[in-house]
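You will see chain A twice below: alongside chain B first, and alongside chain C after that.
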Partner chain A sequence: MDLSIVWESLPRLFQGSLLTVEITALSVVIGLALAIPLAMMRLARNPFVWMPVYAYIFYFRGTPFIVQLFLIYYGSGQFRDALDAAGLWPFFREAYFCAVLALTLNTAAYTAEILRGAIQAVPHGEIEAARACGMSRALLYRRIILPKAFRLALPAYSNEVVFLLQTTSIVSIIALMDLTGVARVIIARSFEPYKLFLTAAVFYLVMTYAILFAFRKVEHWLSGHLRERPSAEKEAAAAAEAVALR
Partner chain B sequence: MRKFFTALAAVAVIGLIAGAASAEIKKVRIGTEGAYPPFNYIDENGKLRGFDVEIAQALCDAMKAECEFVVQDWDGIIPGLLAKKYDAIIASMSITEERKKKVDFTDKYYNTPAKFVQRKGAGHKIILEDGVDTVADVSKVHLNKEGLKGKTIAVQRATIHENFLRDTLGDVVTIRAYATQDEANMDLVSGRVDLVLADSVALDDGFLKTEAGKDFEFVGPGFTDRKWFGDGAGIAVRKDDTELREALNKALKQILADGTYKKINDKYFDFDVYGG
Partner chain C sequence: MFDLKGYGWMLWDGVQVTLAVGVCSLAVALVLGLFGAWGKLSSSRLARAAAEVYTTVVRGVPELILILIVYYGVPTLIQDTAASFGYDIFVDLNPFLAGFLTLGFVYGAFATEVFRGAYLAVPKGQIEAAYACGMSRALMTRRILLPQMWRFALPGLGNVWMVLIKATALISVIQLPELMRNADIAARAVRLPFTFFFAASLIYLGITAVSMMLQHRAEAWANRGVRRD
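Entry: the complex of A and B
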């Protein structure tokens, strides 16, 4: 099999991957920052607070990403005059901005829902204990509920980040040259879809592995208190052995 | 006795080959895009229509074969043919050297030039020469590289127009490649891009004559340079499918001669798309 086309395309595919990583990272960071207050609002008792958030989450979870992206990108094109008047058109003009906006809103909705579940899963006893210590609501959230909820949410959240990475492959429909977009441009002239999409798949696998690896490290770091400690007896035995050998 | 069987087997094999070669083509699966008005598009009732579709139907009638249409996105249309999802592509595909490396083409069934479109009065200048209607050799004119520098031009992905832009102006302009022509046109309307390059007839009927295209106009000459735009639109078949190619060529000659082609032509256009 002639693989020269793959070899020649590697630098361009790498360029495309950089854009993929960039928009994934931006959307993950902004999306997470949005998701924390959204999850808390979602749990509020006041219907004027939780209902709009509920509607937002329902919309973004209930529609395909490709539809969301089309609405934001081509939809904004229809309202150019209004956006111009509001000074927003320079943002919406850029496919890059539209892609990051759509991805951010999408992931924020999913992440808020993951966090909501995790906040609700914090054992009631821990909250009661904190209250008994006289913690204020803000302190309770900061010291007890959110740290615990993050640990609980982590496995589900790592899935969300991986899904988001895969979802970015759709942005090539608004003519962004991400990894998939570059692969398609090369295929347009070489007519070698299998070789190029397989190569792109390998790129995606490597990126996915990097995400999973990072999350494993974070999980390990956050769960130190759950692992077996090196016991005093074992340490003493080891020390005695060392002395005997000397 | 053995000789007799050998001879019998030989006769049988020859008979099979001859039989296969002369067998009539009964059913042809035709791949088309369905997003390139007026050549091929899906109407509001979800029916496939357009010039390509009617030509395809006429060719099948002439071959006395049954036609089945398969709709396929443009950038996967050649891979789909090679993967045998259908047997022929009738989708306004230009006959170019690049594509000939992968597929075979019939004779052309129409030929129209490529043109740029701009917002009315935008005043872009495509080539420096004045009064040129058609450019058959790009090396004989001067593209206005200085004036087009930094402009954004939209094309449909995997088209001869994309190739032409990348090769001739790729170093000075930003090229945005869209999955369908409609999306490229939409971004011209919204102002995200300055120019669109595509087939002049597709742009005229599919865009300029519609409500969305009323503020836009052609700019510059028509481009027909064979190096990129080939010999017009042909029907693509797999390289080993000589039989189908010949049958299609025969059918094409027939519909050109008996007036069927002209009837379809006149239904869609007020000029002759077959070209010189």
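Entry: the complex of A and C
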């Protein structure tokens, strides 16, 4: 089989991957920053606080990402006059802005729901103990609840980041030159679909497992105090077990 | 509230295709999921490796790329292979077929994990007891294992369905006239993109809400014989 087309396209596919990584990282950071207050608002007792947040989370988790993207990118055109008057049209005209906005709103909703579950899973005893020590509500969240919740949320959150990375492939539909977009453009000229799409698939596979590897490292690092101290005896037993499992 | 300018029927046609392609994908996913779980729990090293490769690859590659590979890549691959043997053929895949086979393949990997977990949740003592009563492997599977596995698998399978039905919107990229594609066509025809995409999103939301309700009922039904403490 002639693979020269794959070899020649590698630099451009790398460039596309950079955009994929860029919009993923941007959405992850902004989305997480939004998700923390959203999760806390979702748990508020006041219905005027939690109900709008609940509706937002339900809408973004219950509809396909491609609809959300089209709603922002194409749908904004229907309000062009209003957006022009507000000075926002130059943003909504840009595919890049709309893609990051849609991805951010999408991941913030999923992440808020993950964090909500994690905050609710923090053991009551720890919260009572902190109160008994006289901590204020803000200090309680900062020192006890949020750190514990982050640790509890990490496995689910790593999955969310992986899903977000894969969701970014959809922005190629609004003509952004991410990894998928670059592959599609090269294919439109060369008519070599399976070679290039399979190469792009390998790129995504590598990025996915790089993210999962990084999260596993972070999880390991954050749970040091929960592990037993290594001893020669235990390590030997673990090694023996690992062999037996194979 | 919505003035659909007489294009409402297009959305209705689209919903029917969306549900049809969703149900077909789910059927493929359930079959692949049972095989995948069997492979993961098998004592054969080859079956375990195959199931592991299957779930690893699907987890790491976006659905859109897989849909494009199947729809554009597979026919070309067949044509190229035939050409190298001296045959000149033209292969064209139907978007419906390509769509549900791809989504079935993707969500089969998720169903694999669900069924694997459900199998492991059935107490081992019951399986031993069934064998001790002289049941054959097939009878044990039919009478003891599967009825209980369904109960443990139901919440996970409900999630698979809800993620899957949203993923069918991606098949619009290969021009299957489902809800998303028809909303797109109508939006372009009357130049009301927000109206049509918002209407489509509410329909997806409705499908999700009804699915959640049905899942809740199904779980209550499946757990009717189980004592809660």
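Points to keep in mind about this one:
The rule is short, and it goes like this: the second predicted complex is superposed on the first by the 229 of 246 C-alpha atoms of A that agree within 3 Å, B and C clash if a C-alpha of one lies under 4 Å from a C-alpha of the other, contacts with A are read in each partner's own complex, and residues count from 1 in each chain.
Simple rule for what comes next: a contact is a pair of C-beta atoms (placed from the backbone, for glycine too) under 8 Å apart; a residue touches a chain by one contact, two chains touch by 3 or more.
Computed from a prediction, not measured in an experiment: that's the story for all the values here.
Legend: residue contacts after superposition of the two complexes on their common chain; A:P193 is shown touching both chain B and chain C. Contact with both chain B and chain C is seen for A:I173 once the two complexes are overlaid on the shared chain.
Counting residues of chain A touched by each partner, chain B versus chain C, the larger count belongs to C. Of the two partner chains, chain B is the only one that A:V185 touches; chain C does not reach it.
In the superposition on chain A, contact is made by A:R93 with chain B only, not with chain C. In the superposition on chain A, A:Y74 makes contact with both chain B and chain C. Legend: residue contacts after superposition of the two complexes on their common chain; A:Y56 is shown touching neither chain B nor chain C. Contacts of chain A with chain B, set against its contacts with chain C after fitting on chain A, overlap at residues 74, 76-78, 173, 184, 187, 191, 193. Across the complex, chain C is touched by residues 58-59, 62-68, 70-71, 74-79, 162, 166-167, 169-170, 172-173, 180, 183-184, 187, 191-194, 197-198, 200-201, 204-205, 208-209 of chain A.
Residue ranges of chain B in contact with chain A, taken from their complex: 75-76, 78-79, 82, 98-99, 101-102, 154, 157-159, 162-163, 176-179, 183, 186-187, 189-192.
On the side of chain C, the complex with chain A involves touching residues 57, 59-66, 68-69, 72-74, 76-77, 166-170, 172-173, 180, 183-184, 187, 191-195, 197-198, 200-201, 204-205, 208-209.
Residues of chain A touching chain B in their complex: 74, 76-78, 80, 93, 95, 173, 175, 184-185, 187-189, 191, 193.
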